[in-house]
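Right after this note come the structures.
Same chain, two partners: chain A is paired with chain B first, then with chain C.
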Partner chain A sequence: MASVTLKNLHKKFGHTTVVNNVNVEIADGEFLVFVGPSGCGKTTTLRMVAGLESISDGEIHIGNSLVNDLPPGDRDVAMVFQNYALYSHMTVSRNLGFALQARGVVDREILHRVQRVAKMLDLEEMLERKPKQLSGGQRQRVALGRAVIRNPKVFLMDEPLSNLDALLRLQTRKELIELTSDLKNTVIYVTHDQVEAMTMGHRLAVMNKGEVVQLDTPEKVFNEPANRFVAEFIGSPPMNFLEGQVSEKSQKKILKTDSFDLVLSESMNLISGSSVIMGFRPHDVKLVSEGSLGGRVTVVETLGAEKLIYLQVGKNSLSILVPATEKIRSGDHLQFEINKDYLHLFNRDDEKRIIFSEPN
Partner chain B sequence: MKLQISIFSLLRAFVIVLIMFILLAPFLWILLASFRPNMELVRNQSLIPNTLTIENYVSLFVKSGYWQWIINSFIVATYTVLISLPLIVAGAYSVYRTHYWGRNALSLFLLSVYIFPTALLVIPIFRIFNGLSLVDSHLGCALLNTAFAVPFGIWLLQAFLKSLPPELEEAAAVDGVGRMRTLFQIIIPQAAPGIIAIAMFAFIVSWTEYLFAMTLLLSNDLHTLPIGLTGIVFGQYRVNWGFAAAGAVGSAVPVFFLFLIVGRWFIRGISAGAIK
Partner chain C sequence: MNKQDFRSRDARLGFLLVLPAVILVILVVILPIISGIQISFTSQRVVGSEYEFIGPKNYFELFGDKQFIASLGKSAIWVLANGFFQTLAALLIALLLNQPFRGQNFVRTWIILPWAVPAAVTAILWRWMFDASAGIVNTTMKGMDLVQKPVLFLANPDIAGASLTFVNSWRYIPFLTIIFLASLASVPEEEYEAAQVDGANAWLQFKTITFPNLLPTLTVLGLVGTLWASNVFDIIWMMTRGGPGDATTTVPVLMYDMAFYGYNISKATAGAIIFLFLLIIFAFVFIFANRKQFVVASETFQDLSK
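Let's look at the complex of A and B:
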């Protein structure tokens, strides 16, 4: 068990910077998720921690030691790869025990630990099988077992669930959460799936274009996204955005967009004339019979318990979530209200979140 | 509709048979020719034999030095495989995995071995090998065959290694498995099908090699199959076609069965995880 510190971490491939000044402190036993779109540098960051990628600049500490120049095998980390990287010519049992064998652990101890891990991951029946004879989920568990058996300081996981089908992914996600919370090892997890990130991570490091744009708990990232990118990337269905300008009318701040005008709550003390981007999530909208906001339904998507409605409001298409019991058809005209407590405002120029001081 | 399909499949079957015939006809002709008297082969070149005889095989197996040549060929080919495989594996792994200055240039330069017409090399090589006391020895012959098998083998195997997922080695590296252990216990078993193919390639290079064997193996009792057979096939005044055909069959069949057995054994080895 150990903490991991990434300090001013940079990675360049030629003239392209793929990881730019990443600073993250991961506490002992923490489950930290790097999340972001493909090409954002999250996997490269993980590979630098593993020692599979050289560091262009910056420092990586595992526990109290600087590991920049340590080979992967000396860092006491274990990695689970997206494609599992199982040794197809070895049985499950040998796959699990191989690293221990290479490290000179005695056979009896290897056998003992293989059996314990197999029991933990429900692989006891499969120990003599080859990876080829296993299902996707079982292979995934073998890959996990190969990491667990070493009891390393840190688990590094590179999209370990992305090759599983939807149902199995849900189930494995739950098992992985249980397993890692039992083991209490530090986990660094990489995914592009924001739901996976939200459900698994103690904290998320949201990455975009090589930089960590927000490092916080899932709740904070969801409720107080640091910028428009985070707001758009985290949360499904994604947030609605409208550009507008603040004006003042009879001592009330009004946000004028090209679709509608919205009276802002008093706590949002913006300067008149400032350009902002307004964001609200589809579920922070309520249908009303009488209201100032309205639009025409263009598409209705039934999601099960809810319906996702696309509304044409002026020039903009907005999405709102309503209970599936609402009888709505495309072409209908709907009136709605936005819950202003969950309104997100971002500066138009740098797209950063506008933070209002809490009223005393 | 149904008729159309059957006509199409009939046509397809015909084309396949035709192509197979074109490919296999020379082999079939050789096989048939090996059972025909030489005089008939000289006069009548049709595919269908008039008379069948085993006289060619009697000459081959009983009257010629066939068994000695087979053993010699086998010794030289085995030496060649044993010497060239470690070099090919090490070379291919080096080209594929390690980083050093001039690596790419070196890997391309390897193939330049094949630029020179081998006939030009005969005399210098004879002088060099004579100086090293490698003339008239199977080992010398195998060393030369190795020189010709290794560059292409490296080129072939590194392409095969590139097709392996790099995560296999990365997983081993993170697990603290040393380079050599990774090479021997992960890369080589994973590349086994490629390595087997290359071993077969090296074996055949040696098995069919004529020019250098002819130059280096002076004593009759060291002759390999190609030298031995040509000595008899091309008599002083005439060519013994029947014997040539029997010789061709007699040199191909052992290799054919060897590969069948070795191939199976290797494949079983891989699936049992026995190759370490």
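Let's look at the complex of A and C:
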């Protein structure tokens, strides 16, 4: 068990920079999730920690040692690959014991530990089978067992759930949370699935275009996204965005968008004339019988307990979440109100979050 | 139209499609073998001459013929030496070429060149290079003071077989290398990465990942290579004519010599038939003993063709 420190980490393939100045300190026993769209550099970062990818610039420390030039086998990390990468010519039992075999552990000890891990992961019945004869979920458990058996300093997981079907993914997610919190090893987890990231991570490192754009707890990332990208990427259904200009009218700040005007709360002390992007989540909207905001329903999606309504408001299409009990059909005209406590504002030029100091 | 009709129509189409191949095999393989068996039971000396039926006399004579028995032994050594040397060298080269390096694709393509050189050209080329007085091998070795007297690569009975094995391997290694490279390409890269993270060294990776993946290919090559090597005639004939003495007289060389220089075509044919049956028995035993690998190999080839 150990902490992991990524310092000014860079990775270049030719002239393309795929990981750009990543700085993350991962505490001993922490579950850190790198999350971002495909091609954002999260897997490359993980592979650099594993030692499977060379480092163009920067430092990686595991525990107290600099591991930049250590081969993967000497870093005491275990990796779970997206497609499991089981040794196809070995039985489950030999797959599980391979890392121990490679380290010269005596056969009796290997057997003992294989049996213990097999019991833990419910693999006892299939120890003599080859990977080909296993289902996707079973293969996933073997891949996990192969990592667990070594009790390494750090677990590296590269989208380990993405090849499972929806129901199994949910179940395995829960098992993985239980397993890692029991074992208390440091975990670095890579996923493009924001729900997975939110539910599993102690902290998230949201990546975009090779950079970590926000490093924080799931709650903070959700409630106070650092920029428009994070706001859009985290949260489902995604946030609504409207561009607007701040103006002042009878000592009140007003945000003028091309669909409607919104009176801002007093704490939002913006300079008149500044261009901003306003964002609000679909569930931070309330239907009202009479209000200043309104639009025509274009699509109604029933999600179960809730309905996702697409509204045409002026030139913009906005989505709002309402209880499923609301009887709404497309073509209806709705009046709504935005909860201003959960309004997110971003600068139009750099798309960064505008932070207001708390009113005294 | 019901399902049955479709199936029988499919079967008929399939039959029509393989028919030309079947006819060709019958004409150029089955008929010559039958005609060969027929000739081997006669006293025919040269093609077109008068002959009579003499029963299995040729076969009895051959089993008492020391030269024939010796040629069987030489063929066995030839096959084993070629098989071992070629497989090992091709495997090493393939593993080397499988490592990323600059110009990899160029080398991978052009390594096939010796395979494309006609056997006659190969024979002349190497006879010239092995020449005692003017050959580049001897002049180089002498220039480097490695030898005092020129090495008689093809005239010394102790090393003529080794020299021929080398030349024949020079021809076949590129082909085997390409086959091995294709087989190596099908090994999933992630397995090596997982093994690296698991701390396996290069040897353990080879033993547990590369080798099991190559095994089906090695098995198929074991069969095909044995049959190919057994039937090598051109290189040996053009370089040593089976000599010096009988040093490099394998079965095909002896049969050719017996048929067209010893004017005993029926006896030579009998020898060839014996050799053919030995190879057929070998093939059956080999396939049976390695049936598991052949199944895997056929699956692999099916996967590759997808």
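Going forward, the second predicted complex is superposed on the first by the 360 of 360 C-alpha atoms of A that agree within 3 Å, B and C clash if a C-alpha of one lies under 4 Å from a C-alpha of the other, contacts with A are read in each partner's own complex, and residues count from 1 in each chain.
Methods note: contacts are C-beta pairs under 8 Å (C-beta built on N, C-alpha and C of every residue); 3 or more make two chains touch, one makes a residue touch a chain.
Quantities reported herein were computed from a predicted structural model and do not represent experimental measurements.
Superposition of the two structures on chain A leads chain B and chain C into a clash. When the shared chain is aligned, no partner comes close enough to touch A:Ile354: not chain B, not chain C.
In the superposition on chain A, A:Pro72 makes contact with both chain B and chain C.
Once the two complexes are overlaid on the shared chain, A:Thr91 sits against chain B while remaining clear of chain C. Of the residues of chain A, those at positions 50-52, 71-74, 77-79, 81, 83, 85, 87-90, 98-99, 102-103, 146, 150, 156 touch chain B in one of the two structures and chain C in the other.
Those residues of chain C lying in contact with chain A across their complex are 188, 190-191, 193-201, 204, 208-209, 212-213. By the touch rule above, chain B contacts chain A in their complex via residues 165, 167-168, 170-178, 181, 185-186, 189-190, 192, 270-271, 273, 275.
On chain A, the positions that touch chain B within their shared complex are 50-52, 71-75, 77-79, 81, 83, 85, 87-91, 94, 98-99, 102-103, 130, 146, 150, 156.
Residues 50-52, 71-74, 77-79, 81, 83, 85-90, 98-99, 101-103, 146, 150, 156 of chain A touch chain C in their complex.
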